[in-house]
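For reference, the structures are reproduced in the following blocks.
Each of the next two complexes has subunit A plus one other chain: subunit B in the first, subunit C in the second.
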Partner chain A sequence: MNISATTELICFLALGSIVIVGALGIVLLENIVYSAFLLGGVFLAVAGLYLLLNASFVAAAQVLVYVGAVNVLILFAIMLVNKRETLSPIKGLKIRKILSGGVCLGLLALLIRVDITTPWSLPGPLTIGEQATERIGEHLFTDYLLPFELASVLLLMAMIGAIVLARRDVLSSDIGTGDKVDQGLIEKSSSKLLIEKPSS
Partner chain B sequence: MQPLPLSISLALVNPGLDLESGFNEALKNLGLSAEIAHILWLPFPMLLVLVAAIIGVLVTVWLERKISAAAQQRIGPEYAGALGILQPMADGLKLLVKEDIIPARADGLLFTLGPVLVLVPVILSWLIVPFGQNLLISNVGIGIFLWIALSSIQPIGLLMSGYASNNKYSLLGGLRAAAQSISYEIPLALAVLAVVMMSNSLSTVDIVEQQNTAGLLSWNIWRQPVGFVIFWICALAECERLPFDLPEAEEELVAGYQTEYAGMKFALFYLGSYINLVLSALLVSVLYLGGWGFPIPVEFIANLFGQSINSPLIQIITGSLGIIMTVFKAYLLVFIAILLRWTTPRVRIDQLLDLGWKFLLPISLVNLLFTAALKLAFPIAFGG
Partner chain C sequence: MFDLSSGSIPLQAYLILASLLFCIGVWGLINSRNAVRVLMSIELMLNAVNINLMAFSAYLDGDLIRGQVFAVFVITVAAAEAAVGLAILLSLYRNRVTVDMESFNLLRW
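Showing the complex of A and B:
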């Protein structure tokens, strides 16, 4: 075994254990902030696995989308509503835990069975390495064009929905009391960039 | 003698000066195998770049002190070395030996991990900064995209340190830093995308080469003036430099996410922000100012003196000229950034987000569309 293969194996084992231990930590840790940070670590380790498979573009996209966007937003949401309240104990928590653990183990067993019984063709297809970016672009704009466009429409819908939810000046009267809502209190009147309005 | 066609002569610039093969040959002569020689070689470029980054920071800190002093009609550091040139070293030494404090109710693990997560992606991004044709650690195919991806890790470190400090100012600073970083990353990426579209490659080396066909005139800044301005504004915002230094606005937030940090952990933040500034300046010079290119093409000058571009002497000269030009352009931009810091007021957080989402984002989208249209209409000038 030469040096590069050994390095690859060590990296794979390290990344694999990070993914498994990290994922277990996300589920099992009590502190939700730790779970969120661990999720970022797991995403990074998965990006590392992509790198090992010579798919550098996918790895970078994984870091950009999952770590840079998804995980940061999760953290944001957690920290903006950072209430330190003790949750009221739920009835039969132990049985629920055991049940969900059993379901997960069953799923794991199923996956392992698929892994063992499938006749994998080894070695797999040749990696294209640096040309991957071009090939991904080609596929996205030819045979995967419809899913690509559908995904963008979905994102647009999500964005518009978020804006509608976040806008609070759509109501002209308070739902509870029926009083007229002071719009000035709800949405700050926009002022021009960098220019302070003269106080008159 | 016949002048070589430009593309071929560019490709031939550096085959004679391959330090790696020279090093490997020397080790092989000592009786080591090729693989061990390769492993021994690996740390050298990394160390070199790390040292270059640290020295770049020291120089930038000194420049910041001196230029701020000049802007405020003071003298600035004077006694530590000639012209106070050792002042940044003294700063660093002071931070190194200061007591390392972790606040009592803070989260020790996340508190320690935060600064590391801020610094590591910035240093990793130096991987793709070219100082010459072959003078970079790794000419990865995804090049500039790697930098964008890596810089998106930083907000996690900021949120982490803000949260772990157990201090409301820190948390607010961390949230502000993350919000700012996310908002300005999008116009930044779109500005980069316009450049990438013109050079048909994500690799920084290809981007620079494509700009150096006619010296000064072929730099991207003439073809992407709007993109240049957008990129520069966003880079300043990503570095949290003054018009956009809201995460550490001292009048409102003490020092933002850095409030509780002392000693070496604070030094990591400090180092990270300055390395990021130098890195951004280098990348502006790579993307828009022709990278290592001299304003007049070196091939032209070499031909003028009747020298072959491939002779070892000319190669050494062009190589050093490339490094000097890259560093010179970068420090010109650092100078502008420092001057901006000491002459502009801070924007408000709502103004900052307005600028990012309502102004820079539409402009950068229009810029991208416009570039695409120009690329289709004038393929010769815009890299068809």
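Showing the complex of A and C:
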């Protein structure tokens, strides 16, 4: 075992443990803000795993899109909806958690068994290493051109859809008098739909 | 540079790591009561799938790296999903003034 292989192994173990511990923190911690910051750490560790796999372009895309966009978006959403509320207890929550944990452990056992027992056709062809970015570009503009264009249409649709969904339909001035409308008053007096529980 | 096809880390290590991450994501998806945490769990699951794709691309498809192209597409779709999901969440919060998943049961029965 030479020194580069040892370094690779140490990096893999460190990044893998960050990913697993961070993911457990995300689903188990009470405070949602801690979860959001841990999510950023998990995304960065996954980008490190991509670097270990000789994929510098995807690692950069991971950092830019996930840490730079998705994580910031989630943090903003938390700031917009972060109201401290005491969740009403539901009966059977504990048994539900235990049951779903059992199901997830079963799924994990199944997946790990498949991972280990499948005869992968190793070793595959030689890796092209640092030429990966050029090869991705070739793929995107030759045999994956249609999915590439569809992805751009999908992003446009998602952008317009997000704007339409998150828009607040409040006029800035009163139609009758032309006065400025007190935005806070509208916010307070607007009827909240469907707050009350159905009487079942 | 080390040759990945005979490197020290076996392919199965990446696959097991991805399986663990996916199962944690599934558990969080089922058990979270905060809607934002549900979205985070979905992101975890997508990342697990991406790790799988990248590992296959490096170990089994080293010259064509189609897995990396797929991973780029998955990242794109995940970004779109996060944007629309959080917009839906804001809209829900505006109507029901809570992010508790148990109270979003209008279409339940």
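Here, the second predicted complex is superposed on the first by the 162 of 200 C-alpha atoms of A that agree within 3 Å, B and C clash if a C-alpha of one lies under 4 Å from a C-alpha of the other, contacts with A are read in each partner's own complex, and residues count from 1 in each chain.
We take it that contacts are C-beta pairs under 8 Å (C-beta built on N, C-alpha and C of every residue); 3 or more make two chains touch, one makes a residue touch a chain.
No experiment lies behind these values; they were computed from the predicted model shown.
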| item | value |
| --- | --- |
| Touching partner for A:129 - first (subunit B), second (subunit C), both, neither | both |
| First (subunit B), second (subunit C), both or neither touched by A:80 | both |
| Contacts of A:54 with subunit B and subunit C, given as first, second, both or neither | second |
| First, second, both or neither for A:111, with subunit B first and subunit C second | second |
| Winner by number of subunit A residues touched, once subunit B and subunit C are compared | C |
| Partner chain(s) touched by A:63 [first = subunit B, second = subunit C, both, neither] | first |
| First, second, both or neither for A:18, with subunit B first and subunit C second | neither |
| Which of subunit B and subunit C A:162 touches, first, second, both or neither | second |
| First, second, both or neither for A:97, with subunit B first and subunit C second | second |
| Which of subunit B and subunit C A:35 touches, first, second, both or neither | second |
| Set intersection of subunit A contacts, subunit C complex versus subunit B complex | 2, 4, 57, 61, 69, 76, 80, 129, 132, 193-194 |
| Contact footprint of subunit A on subunit C as seen in their complex | 1-9, 11-17, 19-28, 30-37, 39-41, 43-44, 47, 50-51, 54-55, 57-66, 68-69, 71-73, 75-84, 86-91, 93-100, 102, 106 |
| Complex contact set, residues of subunit A against subunit C | 1-2, 4-6, 8-9, 12, 16, 19-20, 23-24, 26-27, 32, 35-36, 39, 42-43, 46, 49-50, 52-55, 57-58, 61-62, 65-66, 69-70, 73-74, 76-78, 80-81, 83, 85, 87-88, 90, 96-97, 100-101, 104-105, 107-108, 111-112, 115-116, 120-129, 132, 135-136, 139-140, 144, 147, 151, 154-155, 157-159, 161-163, 165-166, 168, 192-195 |
| Residues on subunit B engaged by subunit A in the complex (per definition of touch) | 35-36, 39, 110, 140-142, 145-146, 148-150, 152-153, 155-156, 159-160, 162-163, 171, 174-175, 178-179, 182, 185, 202, 347, 350-351, 354-355, 359 |
| Residues of subunit A defined as touching subunit B within the complex | 2-4, 33, 37, 40, 44, 56-57, 60-61, 63-64, 67-69, 71-72, 75-76, 79-80, 82, 129-133, 188, 190-191, 193-194 |
